[in-house]
Amino acid sequence: MRFRQAIVAAMTDEMKADESVIFFGEDVAAAEGPFKTSEGLLDTFGPIRVRDTPISEMAFTGAAVGAAMMGMRPVIEIMFMEFLGVALDALVTEGAKMHYLSHGEYSVPMVVRASCGSGLGFGSQHSQTLENWVAATPGLKVVQPSDAQSAYSLLRASIQDNNPVMFLEPRILYAERGEVDTSLKMEIGKARLLQEGSDVTIVSLGNMVNIARDAIKESGISADLIDLATLVPWDREAVLKSVKKTARLIVVEESPWSGGWGSEIISYATSHAFSALKSAPFRITAPDVPVPYSGVLEARYIPTVPNVASAIKQAVSANEVPQPWWITEGVSK
Amino acid sequence: MSTSLERRTALKDNELAWYERMLEIREFERRTNELFAAGEIRGTTHLCVGEEALNLGLATVLNPDDVIAATYRSHGIALAFGISTHSVMAEIMGKSTGCAGGIGGSMHMCDSSVGVLPTSAIIGGGMPVATGAALAFQIQKKKNVAIAYFGDAATNIGAFHESMNLAAIWKLPVIFVINNNVYGEYTRIDLSTPIEDLHIRAESYAMPHTQVDGMDVYAVQKTMQEAIDRARRGDGPTLVEAKTYRFSGHSRADQALYRPEGELEHWSKRDPILVTEQALTKKGLLDDAKIAQLKEAAVATVEAAIVQAKSDPEPTLKDMFSNIYTSAKKVG
Amino acid sequence: MSTSLERRTALKDNELAWYERMLEIREFERRTNELFAAGEIRGTTHLCVGEEALNLGLATVLNPDDVIAATYRSHGIALAFGISTHSVMAEIMGKSTGCAGGIGGSMHMCDSSVGVLPTSAIIGGGMPVATGAALAFQIQKKKNVAIAYFGDAATNIGAFHESMNLAAIWKLPVIFVINNNVYGEYTRIDLSTPIEDLHIRAESYAMPHTQVDGMDVYAVQKTMQEAIDRARRGDGPTLVEAKTYRFSGHSRADQALYRPEGELEHWSKRDPILVTEQALTKKGLLDDAKIAQLKEAAVATVEAAIVQAKSDPEPTLKDMFSNIYTSAKKVG
Amino acid sequence: MRFRQAIVAAMTDEMKADESVIFFGEDVAAAEGPFKTSEGLLDTFGPIRVRDTPISEMAFTGAAVGAAMMGMRPVIEIMFMEFLGVALDALVTEGAKMHYLSHGEYSVPMVVRASCGSGLGFGSQHSQTLENWVAATPGLKVVQPSDAQSAYSLLRASIQDNNPVMFLEPRILYAERGEVDTSLKMEIGKARLLQEGSDVTIVSLGNMVNIARDAIKESGISADLIDLATLVPWDREAVLKSVKKTARLIVVEESPWSGGWGSEIISYATSHAFSALKSAPFRITAPDVPVPYSGVLEARYIPTVPNVASAIKQAVSANEVPQPWWITEGVSK
């Protein structure tokens, strides 16, 4: 099934299993979601549990917090991750801290689904991944699937989790197809070792996992490919284990060169597996620019397969850290 | 010692108990102010002197399983709703016996047994939360209501607008209560807000609205009861503007020197303690001797709470790491 | 080729030019839709079919040094305000000759020479920005005005409330214009908003407000002129609700199948092109032959723009890294 | 003068030098600022240029964007950094992208001042540093002074900058005194090498710079102390140069263990000075918890001088990465 259908399936199965699961957001009910990620939900579960909201991200994100505290399990949809910029308070400063502030008396089992990422020509205000807005938030979990299977299994796990979960959906994957075994459970906080190799550990997240996979193939290098899947709390054990085996680490990410999530991985792994490292770990990222609209430019915004492949080769064969393409191609410093 | 729920239930149909609770709040705030000045309380405090009748009016008409999402100006709400003087004072002193284990502090009161959701230190933070609690009640077919309780100046924040609209369109059992105490921090409301009667903002959402004398506990009860009935009937939200006055400064050591001359004196005549005293005296429930006796009792209660809180244990380092995440999966 | 400013000035006191510009916008949107369907435009587009009279009404009463902060539904505003069909089409096609260099796309039009601030793709994004532009005008003692232009459904976002209040309390020369085209995405406004006449929300800010037939360019001009005069006089902001209709779907391939039966037909009678045609015909400025001729001219203009835009160069990689930061220090 | 007076002085000097500089925020005019950071400004510059706003962070942050585009140089005050949670859109998604989206036609010379940080008993919604909300934002600069001198010089530089600048003021420093030379200019993007040594590079920011300084003294170790001062764009050159000299790197930060800004420094330095490193670089951070109110707990929230000192010693003498205190003391994993 398609990635977006996996979302629908996970929602459907959780809503069937537990009638405290409710769902709301802009145009998610009657219109079945701007990206068709809620096809059939209104029909199946009715207008009490599946609701269209006014354009009021602050109110409906905060409403999810309140409803969760009163025993519901709300899932909400933030159409584009950027829209959380008008509602960050409700999730990060209220929702994520309620359990702590109530000394454990209330919990907040809610999921904020948001589409994210570039590649579709939506321009600079509708194309970022923005993990940094939510990453350093004790009390919040952050999940990002990379294919239909993980979308299905991780969304179910997120809805079942008793904590607030930010669930980031790479928009470019919605139409992608993949096998989905609905009996397969995945745990939040566990990385997926997608392929095993000996010479380098590649850590990635979301759609970049797919780029990394193709790049590994193109490079011909034997690599561990780790799909982090959960960014908070991320699977330190899995990454350390792999790095200690391969002695090399590369993170491939869609976030900007400055401030992206990959530094967290490199930093931790370096601190804790330093002596195991044969060469310098490094990140392959987007550049420090707003996402451009133009198709030719946007195609270069995210790390490309050839770029990642050649970086992997250089890292393994020469133990070198490649310069980002914008430096080697002389377009920026 | 009585539980929060018992202290809440004790208010039922007991007018004298309302007065006693108001005295307790007043004395609590007086002492809190002193302790802050003396450096025995850190951070910040926001006193609710002048808002006691409103606090009691709410606590007495709501059921303990109704909920309220209030603000940092939280002591009066906490005490009126049933949390003990000791538990509130211990929280303000950061002790492990505080109602939030000393983790929250003055701005963050909480007690699920009497429906006090963690109070928010962010303007507008509680409004969507109350709206969502009401959504849960609606879906669960419970007859409960949720209260969003906030200040006059908070009516200028985006979350007010969004929450009111959402509550109206979904006909949720939530009541938005403006505690119009005339000031937002150091600024008179007329300097930040171009209208006088804040409750008319409900017109933007076709929501019923009204104004009430927040100094008169009976008036508050009557007005709130109507709104609560409407909500429980399934007829949706109401905006209630309660006119009170902030007799103290905004927070910490603020002396409120920016008040226009005569304003404090003007409002002093409507001091809710005074207003209640007069009403109860007229009803024959109070006389001067009784008043003096109850005031002494309040002093003693608060003093005892302070003494106990002071000697209570600090939270442990483990407490700092507790309640960040809850058990990973739902039960069942 | 004429500049944006020339194209703007050409509208002055030239009723026929308004009509021509409306035809141009209509044809532009028709072709944009086609090109999107054919995969020649990527991302998304939001057409403004049905809003041409409103677009022209604004462009003709504002001065070129007034500014407008509009939304992703931006083609009509851009064209009416003077940006050329070529430059708008090139932007939508992501070409370096686009009004934002192909960096912005369909949702982000901009041209400082005619006061078109970068249009925002975030609901409510432009309202505070327009408010701030008006603040600058006020402080600089300029007689300019700023327009915040947004949709009906955008009146439910927090920024609407905050901006209106701020503009009112500071008496800023800003006019909030609701393009009430009946829909927010796939949802009729009555499903998200509990009042019918959106402009009454201005009462919450003691702000003058009015409703106008957005299908009638003369009505828009008259209403806007009053608001503009008020603003230029220093008498503060106004909320104007223009009633239009979104003849197209929300965006991309949306067919708007959710419309109630008969609605589209009902509004078609008020199609702004038709309304203008009738008015100008009555005035003797138009007849059937002239109409046909002008329509053909619009087709030709847009076609020429498309042809040129298609053959225009793509932005270079260097463009992607330009205009992130400006020169570090102010001059002088 | 005190840190907060240095802020007042910088504001005063810039407002005198350029009448397009305006200032607004909640209670900044008549009340002269909740932290007395605008004492005298209303008196000196009058109510047109110095304004109290309603409680409307979204509107007044966005208004600063609009006013800046029209030729003013607005400075605004966000009383506590957390309040940006209701206004992030205006700064990050509108303000920071306007120059790009206008293809260079408009620029946005504005400064958002916000107090931040823990240590004063303000509780979990008023005590964070939250650099992560703004750090990965191309188009925005992020500055954080550590003493009165840098508060003065960097605020002036920020107001003179033609780009939007997020200016983070560690609240706990407001009352601290320090020498201020008003003729001293500091550049955004340049780190301050506060003391020189040979055995380790300590990178820090804001109030943690002061903790780090005391800790270095207590440790008796010879260290380079780098006050980053600007987080975006941070001074990669200065850090690399120092690390290549000392061969060791420690970042001391107030942000949480997961997601804090320090990873960016460790990650970049590791990638680009790997072979120069004698031992594993590491971060000393706050734990992954909301800031607790209790005084005894809050005192342990930020890295303490003894903790940092012993970490420095362990790093230099044994080339070891110390465990965070919450692990060594057995209070958390």
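Per-chain numbering from 1; labels A, B, C and D assigned in written order.
Methods note: contacts are C-beta pairs under 8 Å (C-beta built on N, C-alpha and C of every residue); 3 or more make two chains touch, one makes a residue touch a chain.
Computed from a predicted model, the values in this text were never measured in an experiment.
A.B. asks: So which has more C-beta pairs touching, B-D or A-B?
C.D. replies: A-B
A.B. asks: Comparing centres built from CA atoms, which chain ends up most distant from chain C?
C.D. replies: Looking at centroid distances, B is the chain farthest away.
A.B. asks: Averaging over Cα atoms per chain, report the distance between chain A and chain B in Å.
C.D. replies: 40
A.B. asks: Based only on mean CA positions, could you tell me how far chain B sits from chain C in angstrom?
C.D. replies: For chain B versus chain C, the centre distance works out to 46 Å.
A.B. asks: How many angstrom between the C-alpha centroids of chain C and chain A?
C.D. replies: 35
A.B. asks: Send over the residues of chain B in touch with two or more other chains.
C.D. replies: 103-104, 108, 120, 122, 124-125, 156-159, 162, 165, 169, 191-193, 324
A.B. asks: For chain D, jot down the residues that touch at least 2 other chains.
C.D. replies: 53-54, 56-59, 82, 85-86, 89, 93, 97, 100-101, 124-125, 138-139, 288-290, in rising order.
A.B. asks: Within their complex, state which residues of chain C touch chain A.
C.D. replies: 42-44, 94-95, 102-108, 120-125, 153-154, 156-159, 184-187, 191-193, 258, 314-315, 317-321, 324
A.B. asks: Can you list the chain A residues touching chain C in their complex?
C.D. replies: Going through chain A, the ones touching chain C are 26-27, 30-31, 34, 52-59, 82-83, 85-86, 120-126, 287-290, 292-297, 300-301, 326, 329, 331-332.
A.B. asks: Please give the residue numbers of chain C that touch chain B in the complex, ascending.
C.D. replies: Against chain B, chain C makes touches at 156-162, 165, 168-169, 191-195, 200-201, 203-207.
A.B. asks: Over in the complex, which chain A residues touch chain D? Could you list them?
C.D. replies: Those in contact with chain D are residues 58, 82, 85-86, 88-89, 92-93, 96-97, 100-101, 124-125, 130, 132-133, 135-139, 232-234, 255-256, 258-264, 266-268, 270-272, 274-275, 277, 279-283, 288-290, 321.
A.B. asks: Across the complex, what residues on chain B touch chain A?
C.D. replies: The contact residues of chain B facing chain A are 67, 69, 99-101, 103-104, 108, 110-112, 117-118, 120, 122, 124-125, 127-137, 139-140, 146, 158-159, 162-163, 165-166, 169-170, 322-330.
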